[in-house]
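Both complexes below contain chain A, partnered by chain B and then by chain C.
Here is the complex of A and B:
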């Protein structure tokens, strides 16, 4: 295989450093946006492993995230320190995804997509009906993090950035390892992958679990940050659609695609929320449609050179014709 | 001498349809056996039953003396029981070399990724695709895709190779090339079961022919005999023509 370029790693390190500087250089509003960006970057990078490398259109992100919210919250309420609760949430969600993956990964294509959406709704229903433990529709209060608000935001941002870094490393390692090679084979032709000796079930489950642990952690950290969670917010069907859109916007199956996509999408959404309060969902919908038609490979797959040099070339062609 | 691959009363039913019914045969080490039969006879289903794509509903598959009836396709591949597909199945976005390296890496037993690539490059040269190693698999012509399928199976260092119509859709010159290639594969000591419609291939390659009809094995023997076997002609052309054909043969 060709030697992999170090540039994605360098670019990512610089970008993480830039985000980490926001609490020092900018105000609360910018820090809040940086946290959103970090959160969605982690989610999109996680999705990339199952949706991008493996080509399984998973819509279970919100299920992993929501279960993470609740496990983190419940652990903290029973006295577990915040950091441990976050790790516990990641581990628990990993376990859940292992069991669920063994079931839903038998499905392929559209069927898998529908099955994975169902997981979100089933988790939500379980959490809202199991009132004694989860507080049902009333939601749960989560012990707040100690410190002044700016310090808390900075802490949350750093933890989120840590998760982003971990998720990105998981992508890099997957991309360069035997696992990633096998997953790419599955993405392109699952029957053939089976026939060349890849244990497709095991590989798919590994990818699914990798795509679950980071959202679990993100959910738990988020719960600690906002201090209150409820079923509708935690198992948000919109999030489950947004995350794949982000990854595809940047370029699914690439290392930096989900990062670029998450930034672009979060900033666009921020602009639309601020300026077109009533129309923002419609605009988002239009973006999704445009994305499918004009950018099926994502921003990173665009032939930037061709776009930048199109004008000179066309002029040259006209001159030739004339 | 023990058979490298043996089927004992293998059946595979889909609901009420018995696509493969009570088939038994042995493939000896180093042998080339042809499997023929009219369309829909169950030839591909039989290959699928052997490689674990469809687990047999009854009967046993023995590979090197061990029972492998319940194996999964990836286990078959790792054991050295490789196959090609009638409809070629490349990984379209990967290069030709990567396609073969995937087989070498997962189906063979290489020490490292680098070794898998070296092995892949050797197999590509063997099948005559060395010059397109860096092209995407999707850009290959049909004959070259068939060769790629062969290279992918060979990269797994198979002991038995099941070839499902590797010559379908090729022209006469291309078939000669393919014949030569299959002979060279057999010379490496690989036992081959070849599904074929082209009698030229069957007659020139195989030492033995199995004839499948409606999922059942109706005849077995040397190729020259099978061509004149009444049951075989009936299976392909119907009883009326078989009768006429035999009269003409007797008259001639």
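Here is the complex of A and C:
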């Protein structure tokens, strides 16, 4: 395969450094926003591996995230140090996604979409009804991290940025390896990929597990940060659709697309939460609808030159091939 | 509780479920779209019925046709203006679009109607027969649900527009060549689905309290019922709905009501793997 440009890596490194400077330069509010951005960037990047490269409409992000929340919280409550609990959550979610992937990845198209949404519902129902362990609908208190509040938020931010970096590297490595090549083949035509000797099941499961471990870790870190989790917030159906929307907003299947999309969406959401509390959900819905109609390829695939110089646009097929 | 009582509860619940799922099944089968708006359509139907009843005092059974007509218009418009533009795009696109529309509708409903649970309360007492006790309003609800389902069955079987819908479901290109306006049929189908959802919401509001938070629950039920029964028409939704109603009713008694819903979802996942065309679905309509 041809040598790929180093620019996405450089841009990403600069962006991570900029976010890492927020606790030094700006106030608590900005740090909180930076944490949200880092969180959703990690989630969108993870989704990108199964949804973008492989083209499987996965809506199970919230299931992985929620299971991560609970595993991290339960581990910490039984005395495991925070850092170890986060790793344990990622590992556990990886294992769960391996088993679930072997089941639901046999489905395609609409059936896969429904199956993956059902995983979110099933996880939530199991957690809510398994009261002795998970606290049921009352939720769980998570031991707070040691330190003054600004120190804690800075720590959470750095951990989240670490997860973002790991998720981004996973994307880069996938993109430039046999795995990514195989996944793109599956995206184009799964039967043909199977015919030319790609072990589609193994590739898909690998992509699914990669798309699950980072949300698991994000969930566990989030639980430690906020100190309280409950089933409705942890397994949120809005989040499970929001994450693919972010990736699509930037450009699904690209390296920087999910990053750009997560930043844009989180900032927009912040503005609308602050100014139009009552209409927040409708405004986000309108953005989703507008995205589908006006930005089908995402922000990164916009032909800026055509817009700026009013040249005739190249057609979509040509752009995809290029 | 006796066996007959549990079964009767399950059947009553099942007919309501069938009515809830039928529109969802129709849209999935004909348009190949997973309609995330479906749950909110049901809630909207329930709220409209409640408020019309609360303000005018007219019997909800008479209000139902008007609610259904409003929902038909809403569904037709949404499909014609929005969903038709991307109807042949991959499932990720159509599902996301309907989810975005659902966020808007949900928000409008919470602002207009607030999230207070509402129920049309009609006290008809209850009926005792063969050792089964059943509130009369539930029996009326069941009767209405069955009537609506039968009506849709007849419309799809005998009317011109019904035959056109079935034709588009079987083969879109061939239907277009026969002079059927596919976009119009899509919009009508979506309208009918919204109409059935609204009517189901009306019926539901006569039996149980309705609130906006239920829209996700209704949507989940529709998923499960469609997968259990299979796509491809009225019979699938009816079989799936009854099956789910009876299973939940028994599971509620045996392992507790909080686990009953999980059983439905797990059953659906198992069926997805071993028999994706559903219990009575025909292969090839997927």
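Going forward, the second predicted complex is superposed on the first by the 310 of 322 C-alpha atoms of A that agree within 3 Å, B and C clash if a C-alpha of one lies under 4 Å from a C-alpha of the other, contacts with A are read in each partner's own complex, and residues count from 1 in each chain.
The criterion applied here is as follows: contacts are C-beta pairs under 8 Å (C-beta built on N, C-alpha and C of every residue); 3 or more make two chains touch, one makes a residue touch a chain.
Remember, predicted model here, so these are calculated numbers, not experimental data.
Student: In this superposition, which partner touches a larger number of chain A residues, chain B or chain C?
Tutor: So, of the two partners, C touches more residues of chain A.
Student: Return first, second, both or neither, reflecting whether A:102 touches chain B, chain C, both chains, or no partner chain.
Tutor: After superposition on chain A, A:102 lies in contact with neither partner.
Student: Using the touch definition from the top, say if A:281 reaches chain B (first), chain C (second), both or neither.
Tutor: second
Student: Now for A:264: first (chain B), second (chain C), both, or neither, which partner does it touch?
Tutor: In the superposition, A:264 contacts neither chain B nor chain C.
Student: Would you sort A:199 into first (chain B), second (chain C), both or neither based on which partner it touches?
Tutor: A:199 contacts chain B only, not chain C.
Student: Regarding the shared-chain residue A:110, is it in contact with chain B (first), chain C (second), both, or neither?
Tutor: second
Student: Can you pull the chain A residues that chain B and chain C both touch?
Tutor: In chain A, no position sits in both the chain B and chain C interfaces.
Student: Show me the residue ranges of chain B that touch chain A in the complex, using the header's touch definition.
Tutor: For chain B paired with chain A, touching residues are 51, 72-74, 77-78, 82-83, 85, 89-94, 98, 101-103, 105-108, 113, 117, 152, 156.
Student: Would you tell me which residues of chain C are touching chain A in their complex?
Tutor: The touching residues are 28, 32, 34, 36, 82, 85-86, 90-93, 95-97, 99-104, 106-108, 110-111, 216, 220, 223-224, 227, 256, 258-259, 261-262, 265-266, 268-269, 272-273, 276, 286.
Student: Could you please specify the touching residues of chain A with respect to chain B in the complex?
Tutor: Against chain B, chain A makes touches at 1, 178, 181-182, 184-185, 188-189, 191-200.
Student: What residues of chain A sit close enough to touch chain C in their complex?
Tutor: 51, 55, 57, 59, 103-104, 106-107, 109-111, 113-115, 117-119, 121-122, 125-126, 128-129, 237-238, 241, 244-245, 248, 278-282, 284-289, 291-293, 296
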